[in-house]
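Please see the structure below; I have some questions.
Labels A, B, C and D are assigned to the chains in the order they are written; within every chain, residues are numbered from 1.
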């Protein structure tokens, strides 16, 4: 297992690269979900205002 | 009394004539980009070294970066006055093709800012230790480069018209698009300074000029219509 | 029949529901593909004769770089469709693409420089691919900057659409000028992936990885698309039931 | 010029969150003036700009002589003049120079024609002075001269009598009357009546 982690001496470059990609994937998911949630609450607020004024 | 409508070409010529007349009546505004260009160029001897040999090595880059930034500064008031006093609206509603009118307007802008820059560039080049013999080459390359830049920049100026503090945004939008002009232009100037033939980069720069000359007004017209809303 | 299908893609309620149903599919298939590519690329694929295990960074760098460009192009296409046929959903798609594309560009830059260190001894080299990637990031930042400087959403859509179209026309020109500029100063150095053909056992995980990330992009795009579609719906009645579900 | 008709139906327009034009419809025939009234912010200016195509209509159509304006936008624009709050004049140019460039965009104009137009709107005596030295009322008269010079069937005027004294307002009424008599149409956003005879007058209140 340690041999695998060692990555032929390139561990210091391979793992951070995969780490950065994983971070980007996770951040994209979280960011998209929060944008959707915020947009839904805002639409709900607007729909409520629309409901009263009609 | 009413003959047929003016052709797009005469309309564009009218726009050029009017902008030149306006500039003639109030030339101070044209000095700003030139003063900025001279000032930026003089910063390099102060920061790098007074050694002419060293300055000559970086002269093309210095001249082109300074010219690029001066042109960006000038682009800020390409449409600003006409937008504020309603002239741009009349252009959009004149029944003439807005693309042709903006082509004329940007050409006039180049005559008033790009050409003076290209006349000043050899002078500033001389202060950076560039031999006077390279003057013609520098003038030609900067003139052509600033023409392409005015047209690509006109799209950015039109897009950031309705935006407050649009000047900074204009630079962010246009600089990546101006990279080819900077690359081919400074290479051509470098060859001109070295006294070598600079036709290869000039042809590439010429291609970009033709491309921006024909396509940019279309995008600028669309952008102006959006900004006028 | 196909025309009505395409026509329905323009209607916000239909797209909102469709996007909601498709997101999990894209998401899970992408996860499976990416895990497969990860295992294959890190464990099974043989090390490179020159760079040893260091070459495994391509399974992250190349997909990020190719996606950053693919996303910008699809953003420009969506923007053009929105501008020409006045379809709000297309503008919503373009708005959704930008942040995802920018994130992949940043990843491509970071993994590119992490790969550069063992190969060139320094984290940043003005290599034509890295330089073009940096300029692409500026294009994304410019697009998002312009979009955020309008308070009226409808004007932001149309202005940024013009910029995206102008940008996508310029991308190949900028790319060519950067490669031309690079070849001036040094012989054509081994660019990141090297043009020599990659052995198939190494190539398979790369293709799977690219496909996986593309599906991942699609899943995130659909989530953001739903949000952007809602933002553009003014007094539509379908919003109320959509929100209750 | 006579026999033209401008029709608009189901116009919807939003200003980010505000629904400014809610299903506006209107018809103006040759020889008629439509007065747009309503409180400030009711959308008078927005409607004028939407009709001539400056503002982007979210929904609804505008027809000029029964043809959708989108089909021949240039032709429609060639047959109208829009005058906003501020007359679009360059301060450093004289009145006649401004008119030369402004009207020249549409069709070649002669100095004589420019002079005649300025005579009609009482702008001739200060026509040679730079516009920056003119008062707001005088600038308005130069802009009105452009209307006369353009000789187009459709006038879209946004509060044409602002900064004008009683004499000036009389001038606007006379110009409009002549325009309508010749079969022209006009839509004007106003705060008070323009003194046009009721037979030719129609009104659209945007506040109700």
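One rule holds for everything that comes next: contacts are C-beta pairs under 8 Å (C-beta built on N, C-alpha and C of every residue); 3 or more make two chains touch, one makes a residue touch a chain.
Not measured: the values here are computed from a predicted model.
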So the chain most remote from subunit D by C-alpha centre is A
Per CA centroids, the chain at the heart of the structure shown is B
Cα centroid separation, subunit A vs subunit D, in Å, comes to 53
Note: subunit C sits from subunit B at a C-alpha centroid distance in Å of 33
Expressed in whole Å, how far the mean CA point of subunit A lies from that of subunit C is 15
CA centroids of subunit A and subunit B: separation to the nearest Å works out as 42
Within subunit A, the set of residues that touch 2 or more other chains is none
Among subunit D residues, those touching two or more other chains are 56
Where subunit B touches two or more other chains simultaneously, the residues are 226, 229
Which chains touch? The pairs are A-C, B-C, B-D, C-D
Touching subunit D in the complex, subunit B uses residues 1-6, 10-11, 14-15, 17-18, 21-22, 25-26, 85-87, 89-97, 101, 226, 228-229
Per the touch rule above, subunit C residues touching subunit D in the complex are 151-155, 158, 234-235
Touching subunit B in the complex, subunit C uses residues 83, 135, 138-139, 141-142, 145-146, 149-150, 152, 155, 158-159, 162-163, 165-167, 169-170, 173-174, 176-178, 180-181, 184
The answer for subunit B against subunit C in the complex is residues 155, 159-160, 162-164, 166, 169, 172-173, 175-177, 179-180, 183-184, 187, 204, 208, 211, 215, 219, 222-223, 226-227, 229
In the complex, the residues of subunit A that touch subunit C are 4, 7-10, 13-14, 16-18, 20-21, 24-25, 27-29, 31-33, 35-36, 38-40, 42-44, 46-47, 50-51
